[in-house]
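Given below, in the form of structure tokens, are the structures.
Next come two complexes built around chain A: one with chain B, the other with chain C.
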Partner chain A sequence: MADTGFVQKEKLKDFLNELSKGAVVYAPCLEGDTVIFKPFDAAATLCLDRPANNPPKLAMLPQSETLFSFKYKKDPEDSRKMSVELEANTDFPEAVIFGTRPCDAKGFRIYDRVYIDTNTPDPYYKGRREKTMIASLCCASPSPGCFCVAVGGSPAYREDSDVLITGLEKGYFIEPVTEKGKAILSVPQVEDGSQYVEEAHKKQSESHALVNNPFAGDGQHEISRALFDLDEFWERVVSKCLSCGACTYLCPTCYCFNITDEQSLDNGERIRSWDGCMFPHFTLEGSGHNPRPTKFKRFKNRVGHKFIYYPEKYNGVIACCGCGRCIRHCPVSVDISEIISYLRGSQFELTNESSENTGVDTNSREQK
Partner chain B sequence: MISGRLKEAIAGIFGKVDVVLAYQQGFDKLHATPCFMTMPAQIDKLIWNPLCVHNLTGYLPSLKKKKVAVVVKGCDSRTIVQYMEEGLINRENVVVVGIPCNGVISVNKVLKETNHEPIEEITFGENGKILVKTLKGDKTLSLADVCPDKCKTCQYPTPIVSDFLVGEPITSDKSPDSVYADIKEFENKTLEERLKYWEKEFDRCIRCYACRNACPMCVCQDSCIAETRDPHWISQRSKLSEKFMFHMIHALHLAGRCVECGECERVCPMGIPVNKLKRKINLDMKELFGYEPGVNPEDKPPLYTFNVDEVTIKEHKI
Partner chain C sequence: MTENNNPYLPDLATVVKVIEETPNIKSYQVIFNDPDRMKSFSYEPGQVGQLSVFGVGESTFVINSPPTRMDYLQFSVMKVGEVTSVIHELHEGDQIGIRAPLGNWFPYEEMKGKKILFIGGGIGLAPLRTLILFMLDNRADYGDITVLYGSRTPPDLCYKDDLQEWASRTDVELVLTVDTEYPGWDKRTGFVPTVLNEIAPSPEGAIAITCGPPIMIKFVLQNLAKLNFKDENIITTLEARMKCGIGICGRCNIGSKYICKDGPVFSLAQLKEYQAEI
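After this line comes the complex of A and B, so read on.
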């Protein structure tokens, strides 16, 4: 069997229909002008020209899922006694995430460390993960706001995908990356790809240079903890933040959730649903105390989680894949890459301003 | 140049206010971003052009204790008027810097015209001509084609309230009948068609609440029914019924209050036309009570008051 495959442009839809026979295929589809990941069907209009508005995280971490359902039952012998019946489903269908970007695939590796590589793996995430094949499409050109090359990725980054697809003039070149990914070569519409290897690799390297690197030229600067812990810094950079959840819900690496019991009279379900650290309720405690009462503290946490706390816990891995969605879709264009640049001291404008005008000398704090 | 005069005007205000809300260039050539200016050195960064799409007045209620100067377009000024009607700001603490406006861009429409390529350069010329440069080539656009729908029927290009007006007042040349033409057309659809339309649109909602948080008139903030657990109005499920409920409540809470700035729709990351619902209700309010939100500070919003005899509601006549 060939190592690589190729699907002609006009056969792509047939190819996806074939894939859909044995699996749920999540693919980027057009709805109006919006590109969204959803289960592919014959009526859908595929859109591979630009990254989807939402990442494919819903395929493995649904926005809301039932962990188990419960039902109270009265004892027929003794009406004062009640029993509870629980029912959980951890049997998931085979799935393929098709046409996602290498940055999005990186997001799933970030989830794995939290949900699988622990002594208490999460059966829901793990169950879906094991049955899902990730077939990423190499980015031909960057999108506004994206910066994957600054956080260890690239438009043709292959490590976290099962299959890497490269769009060529006549069709799609298919390279399996993992054992799981090899299965894709046996789909009938896939022909031998060996004659396209060179063209594909050329295309892959071309796109790398086009991606913006906001951290370029700042050497090996670490994030300044002094500046990070300065309240004035956050007040300066995120006053405009609206505290909505667009950034976290569109983020391929954000994985926080809420658990609630949605109950009616004698039955109900325990639901796990997305939650976001930008919402005031996220850290609101039962006592009424909120340890992160302001948007400044909440934003600091979001940046800290991705660029300090997660890397500290997991061998320096940055929990941001540079997809740029939080920048592109932010209602007020808060730019996380700009904030990180400030924190790394590669742009001194902001710190100079604050030292001149607010009496806070951030440079000298950094030295302490 | 308006931006030069704007900088002068703001330089004159500095020192008299705690913060100036204005615009500066955002992360790329196609985006402006709100800036909170507290130091004269920031004035150089200030911009004014059709990229300045945001309604900056939405920040005012949260800055109620401060003295704030804010840059407003005609449409944005309606929010200030509505805040005055509802007592949500201390008018004496707000310095309104008004700019008569010929229309702004819709980022989504420009991106659509340029196939979502990153914009290398964008230049705004005379008579609404826009020159856009991308890696794939140049394109000339017309502001009339890439402006948000609200600009196409704008009745208030000149701010209704302002303490400083930068630029010459502009009179609207758009027919008042055009404002709700699209809504009236939509109403011609059958109930089933409309339901189907909204089900399809709301299904995309991810409940990020960008529409709510960007809405200048959504003032419940942390107490929104969408999130409170006690009382438990809406579950955390991501079913259509939950999404539908949230958007309906959002729209109904804005009955006779929505100033039609369109921020809810502009910020939606999933491209849901959420402003349409609110405008439909505004049209009803206009027909029922002859009331238009945010145009006269002396007005009382109809749902803030009660008249035994509503002239336009025949059934209630005794």
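After this line comes the complex of A and C, so read on.
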């Protein structure tokens, strides 16, 4: 069997329908003008020409999921006595994430260290992860705000995907990266890809140069801890933040969650839902004490988690994949890449509000 | 049900005794429904558990009975929020869930042969109680034991039976205080940090272990420093809002450390290294 494959453009939908027979296929589809990841079906309109508004994290971490159900039962002999039964399901269907960008695939590796590489692996995440194939699409035209190359990625980064797909003139070139990924070559619509290898690799290297590198990074973190620990810095750079949390929900590397119970009569469920560190209640304790009471402290924690705390814990790996969604979708244009360039540049002048000395183009960005 | 591999799935347990400690604190003695789980269950002093009331939710509490007394597990609960209010309505025989043990524990091996100074306020005595009882059950391993404990008023003192017993023992020095004068109270008055200055314990060969409200801890730490206790000889146990209890959900971090998993027990030296705000 060939070690690469190719799907003709006009066969793509058939290919996805075929994939859907044995697995839930999450693919970027149009909903109005918005591109969102959702389970693909015959009625869906695939959209591969720009990154989806939401990352595919819902395939591994649903926005809301049942951890277990519980059922109270009355003792037939003694009506004052109740017993409880618990039931958890950690068996999940096969899934394919198709057409995600390599940056989003990197997000799953960031989750793996937290959810799987621990002495208490998360059976829900792990269960889905093991049954999911990630088929990433090489990013041909980066979006505004993208900065994957600054955090160690690239539009054709293949390490964290099972398959790398490159869009060419006549169709899609398919390169399995992992053993798991090889299965994709046996889908009937996939033909031998060997004659497209050269064209695909040329396309991949061209795309790298298109990505913006706002802090000329090489994937290594060199944050100024002094500036990071300065309250005034955060008051300056995130004063406009609304604490809406859009950045966390749209982030392929954010994974914080809440656990709540829902009950009706004698039955109920314990539910896990996405949560976000930008919300004041996230750390609010029963006593009223809140260790992160201001948006400045919360934002500092968010940036700290991605660029200092996670790297400290996991061999310097930055927990940001540079997808740029938090920048594109922030309602008040808070820009994490700008904040990082300040923190790395040490040229941030707290007393001088002009952008001349920052080394960063802030013409279009509000400081206040 | 035996030990499961799902860290979110609690073990079922039954409340066997409820003790009213103070007007707003109750202690719950519980046993696992599965006798094998009860027999095989092991933990260390200072470790915590998540208590579930199914339909309401979970909250984190220290196991305040010591592993040397395994007839039951005891948790003390102050009524402050949604879950704790419902826990306060539990009776003997009621079913709950427990996820335990979670977190780290007091470095009691390193404390052997040392003088031990416990400084607690209010319900902050709960984690200290575990270690105090553990040390009393292994009394020969430790030097002088002093317990400084305070609350707002005498009725707010927890574990009154224990306090009575410790007061009667010759191998424990118990110093009790309440914030202000109170009818019938003939012991010390004043805040815990102030009383700490008054009794001025020597830092020589001593370890101080403190837990209480954040404001008390703050001043206790300052006063211990004034008494020349070194940061590595000051131990505290922290709390935070927690959900998963296994270092994933993202709430309880101090920098890269999670209170639920890397804590709740930290030395002051560690907290300074993590740049915790205390």
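Here is the rule we use: the second predicted complex is superposed on the first by the 340 of 368 C-alpha atoms of A that agree within 3 Å, B and C clash if a C-alpha of one lies under 4 Å from a C-alpha of the other, contacts with A are read in each partner's own complex, and residues count from 1 in each chain.
One rule holds in what follows: a contact is a pair of C-beta atoms (placed from the backbone, for glycine too) under 8 Å apart; a residue touches a chain by one contact, two chains touch by 3 or more.
What you see is a predicted model, and the numbers here were worked out from it, not measured in a lab.
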Which of chain B and chain C A:253 touches, first, second, both or neither: neither
Partner chain in contact with A:118 - chain B first, chain C second, else both or neither: second
Chain B versus chain C as contact partner of A:189, first or second or both or neither: neither
Chain B versus chain C as contact partner of A:161, first or second or both or neither: neither
Which superposed partner A:64 touches (first chain B, second chain C, both, neither): first
Partner chain(s) touched by A:291 [first = chain B, second = chain C, both, neither]: second
First, second, both or neither for A:305, with chain B first and chain C second: second
Common ground on chain A, meaning residues reached by chain C in one complex and by chain B in the other: 258, 260, 262
For the chain C and chain A complex, residues of the former touching the latter: 5-10, 12, 52, 54-59, 80-81, 83-84, 93-95, 97, 214, 239-241, 243-244, 246-253, 255-256, 275, 277
Residue ranges of chain B touching chain A (in the complex, touch as defined): 26-28, 30-36, 38-39, 41-42, 54, 58-59, 108, 111-112, 115-119, 135, 200, 204, 206-210, 212-214, 221-222, 227, 229, 235-239, 263, 266-267, 269-271
For the chain A and chain C complex, residues of the former touching the latter: 67-68, 70, 72, 80-84, 86, 88, 90, 114-115, 118, 120-124, 229, 255-263, 268, 270, 272, 275, 277, 282-287, 289, 291, 301, 304-305, 308-310, 312-313
Complex interface listing, chain A residues touching chain B: 31-34, 36, 49-50, 53-54, 62-64, 141-145, 210, 236, 239-240, 242-246, 248-250, 258, 260, 262, 271, 273-274, 276, 279-281, 325, 327, 329, 331-335, 337-338, 353, 356-357
